[in-house]
Amino acid sequence: MTQIEVGCNLDYEVRRETLLQLQIAVARDNFQQIFNESLLINPNVDFTGALVGPESVRLNQFTLQAENYNIQYRATVELLPDIDQPTEVRETPIGRLPPETLTYLNPSRYCESDLLSRFAFEKFGNWQRGYAKVQGICDWVNDHLDYEPGSTNGTTTASEVLLQCSGVCRDYAHLMITLCRCVGIPARYVSGYAVNLQPPDFHGFVEAFLDGQWYLFDPTRLAPLNGLVRIGCGRDAADVAFATIYGDMRLSHKEVWANSTDVNNGFQNGSSDAVSTA
Amino acid sequence: MTQIEVGCNLDYEVRRETLLQLQIAVARDNFQQIFNESLLINPNVDFTGALVGPESVRLNQFTLQAENYNIQYRATVELLPDIDQPTEVRETPIGRLPPETLTYLNPSRYCESDLLSRFAFEKFGNWQRGYAKVQGICDWVNDHLDYEPGSTNGTTTASEVLLQCSGVCRDYAHLMITLCRCVGIPARYVSGYAVNLQPPDFHGFVEAFLDGQWYLFDPTRLAPLNGLVRIGCGRDAADVAFATIYGDMRLSHKEVWANSTDVNNGFQNGSSDAVSTA
Amino acid sequence: MTQIEVGCNLDYEVRRETLLQLQIAVARDNFQQIFNESLLINPNVDFTGALVGPESVRLNQFTLQAENYNIQYRATVELLPDIDQPTEVRETPIGRLPPETLTYLNPSRYCESDLLSRFAFEKFGNWQRGYAKVQGICDWVNDHLDYEPGSTNGTTTASEVLLQCSGVCRDYAHLMITLCRCVGIPARYVSGYAVNLQPPDFHGFVEAFLDGQWYLFDPTRLAPLNGLVRIGCGRDAADVAFATIYGDMRLSHKEVWANSTDVNNGFQNGSSDAVSTA
Amino acid sequence: MTQIEVGCNLDYEVRRETLLQLQIAVARDNFQQIFNESLLINPNVDFTGALVGPESVRLNQFTLQAENYNIQYRATVELLPDIDQPTEVRETPIGRLPPETLTYLNPSRYCESDLLSRFAFEKFGNWQRGYAKVQGICDWVNDHLDYEPGSTNGTTTASEVLLQCSGVCRDYAHLMITLCRCVGIPARYVSGYAVNLQPPDFHGFVEAFLDGQWYLFDPTRLAPLNGLVRIGCGRDAADVAFATIYGDMRLSHKEVWANSTDVNNGFQNGSSDAVSTA
């Protein structure tokens, strides 16, 4: 089984006492086995951990003083995703969706599915239902948008992205999620680490609920589906911010990585397998 | 102990097979005791019940055919809220908030706290912390807005309401929630029934997290805090829609009520007690 | 030459002294000959006339007291448009546009061409230039939108219309104008009367600048191009509001008409001629 | 009479044939006398000049090839503004506004006065009318906003600025203009050069119509009213962009200046005179 080493190295300059909440530790679940995990801060301060929100995102909280800090997170992860034939993955009718998935049909801050329902319905309403439709939406988003760092910011929403035709991974994910919800398919935002990502950084991608499971999609096509290591998921990026800061501090340096230990790692951005996490 | 009889009577004209999800049954929790509850549909069809979302909102789901239906919900509720002195209710520092409340600091579809943070900080940042600040925000919203049915619709957001200075209960609640989140106080949207409401209808109000509990606020001042019977709560109105329709149907008649069985009911819209539900 | 009788009959209830500005009189220019024009108000008050804005829209101004008023406007108009072969109408390169047309390339309140430039460029950038491209945009707008009274209001903009896929004549015109400006073709909003319009009302349509002239387009296809009687034009509907009210009054009744005196009038909504006004 | 030397020095890298339209030459009118004006481009290409829009903004148009160009504009300007006592400048009632000013009551792309009318009315409706009210709006905008380069971009509108409480000169001007229009005072955007501006750059400010004349206001307070040299004015920044580019080019260097020839120049940012241009 292939292992992936993920982690990040963050330097912060703190100007006055500041509360820092990080969501950078990979999710503990049946599909991600974690080995040798560590979270270090230098100079050393106590910090706490908690599980936040309906999807139990791991959050670490630090109270920092006016100093420079280095925070390092490392983990080795083994992924155990289910691999399916796309043609065999069907759509779950809305009336039979599990209750816990219904919240992922609702509009959210960056995914205004209430505004785009007719647009989505006219474009995708008649497409073949099931995995193929979600893959089609994923492809449409990839085609409609240009990947342009700096073209959006932290308050940009899916409808703005649709109009301006550009964005980064976060925006690609928001637009795809919104269109899926519009056609009755629960979809959620996932933050994580990604093998092959150039330049290396945290990544944002998508899970859509089909046939009783959550399937992974990456509308940017910048990483292979079987190289996506999940930190956490939520309704949109608002739920899984990497860092939330109450006070006054600055990120002065950031390094993020996700490396396979296997030379012939079998990670292909273009694979057509359906990959589910639950 | 005073009892409140709540309920609604809904007539629907269904034009083709339609899936209807209702969130109209009052919440079962330690603060609301329910007696004699009934949910009837005529002509009779089977329906299901489920608890949805992190706050376990009760959802009933009906598959309807092209016919006319009448749906009636009735319950008798006894409220057991905690009553506190406003001056003794303090703010919980962000670093000590329970993990399950953190999601209510995030921006959501109709509560774009990421857009209004500086506006809120400049207006309310220096006010005395605790219940008084939240009450101050509640009063400010009441003062800033005119109650005008028809001035907003189902996609109106808090920042739009702030600019246009008008709205209905839903909009009052969204604006208050947004401003609370901006100043670091978890706040959520509550749907429910309300004694004294004129004209009678479903109601939307606010819970803010202070001193380890959720406190009730009604920025419209249209109902007494001890006459609010909760259906469910969520990040904003998107989570607790009374009816969600997949298909083609029309609400042809609606009647909603919330009546106290006690003549000297002690419900006063202007009471200054702090009322908490948890 | 066919004549068209246009007019309107407006009843107002004025609650306190109010200033009313009307832009309902048809434009005086080389392409519209006006006969037998009258503007009456009952009870009688003095009113003034002026030409407003760069396109000299006729504006009548009334100071009204707390009373009921009836205002009637009537004119008989003969249209002398130029009729051209669409295939012979070419695009004017931006560098050779007359200076007075450049303002119609700028974004305006309801036509945010700065937001939609890439969207428009990707959709229409490679289409054949000239009248055919503008007609193509007109057809695309007609196809993309559903005509739905009540789906928009007076503050709805082109980008909102593009997302929600519905609107009325004003919204059709705004979207078409915006897309034309995005691809470098000056376009402006025209208010007027329209033969065959069902239900009869004021109408809003489009002029695009091609080959040295302004050509008429109606993306709603609700009226024939040679049955459009122009009141005035501007950057968008903000410039040619039928009524602007400073005070407190209510329109209690409105009747609008545009009738041809010719039984075999030759007005066809589907005509493919290119019709220019200058 | 004090003279001001203004100008700019612009380096462009052109990647393919590009049409460049500049609006950088100062306005010729009765209040600005121009001496020794020059506009040079190197390597030399022919260019044209035109007067654009209802306010006759001077526009120079260049067709450039894939090369590097330097463009230099210089002029010496003598300002002849009228100086009045603020207390004697009254508001012109809407019914008596000259027709050519009415367009400056309409909402425009970056000044959505249709969205903010109630907000403005509740804040400023009861203030003393005349120059004092406009100065009050100017002061309110200065107080409400933080000057933060990078906090807005070229598509930011007045209502966004109002919510986010920050912006640059363009945004200050847009918000002030919008609020003036909301309370019935025509207001327009002016681009120009400004003495004392730090760092030196093009500037954007405001003219409001009072008592039959256009009065200058600078809500940023970054330059003295009698040191503002006007390029042109329009409904908002959309009408007076310094550079409009059709093609592919990049501004690689920019220098802008406005220097008084008088050592004791009498330019004071804090002067309380009313300064009008017409």
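Of note:
All chains are identified by letter, namely A, B, C and D, in their written order; residue positions are counted from 1 within each chain.
Going forward, contacts are C-beta pairs under 8 Å (C-beta built on N, C-alpha and C of every residue); 3 or more make two chains touch, one makes a residue touch a chain.
This is a predicted model, so every value here is computed, not measured.
Touching chain C and chain D together: no chain.
Each chain gets one centre point, the mean of its Cα atoms, and the points for chain B and chain D are 47 Å apart. Once the centre of each chain is set as its mean CA position, chain A and chain D turn out to be 44 Å apart.
Centre-to-centre separation of chain A and chain B, using mean CA positions: 31 Å. Residue positions of chain B with contacts to 2 or more other chains are 115. In this structure, the chains touch in the following pairs: A-B, A-C, B-D, C-D. Of all the residues in chain B, the ones that touch chain A in their complex are 19, 21, 50-54, 59, 61, 63, 94-95, 99-100, 102-103, 106-109, 111-112, 114-115, 154-155, 184, 235, 238-239, 246. Touching chain C in their complex are the following residues of chain A: 115-116, 118-119, 122, 146, 159, 162-166.
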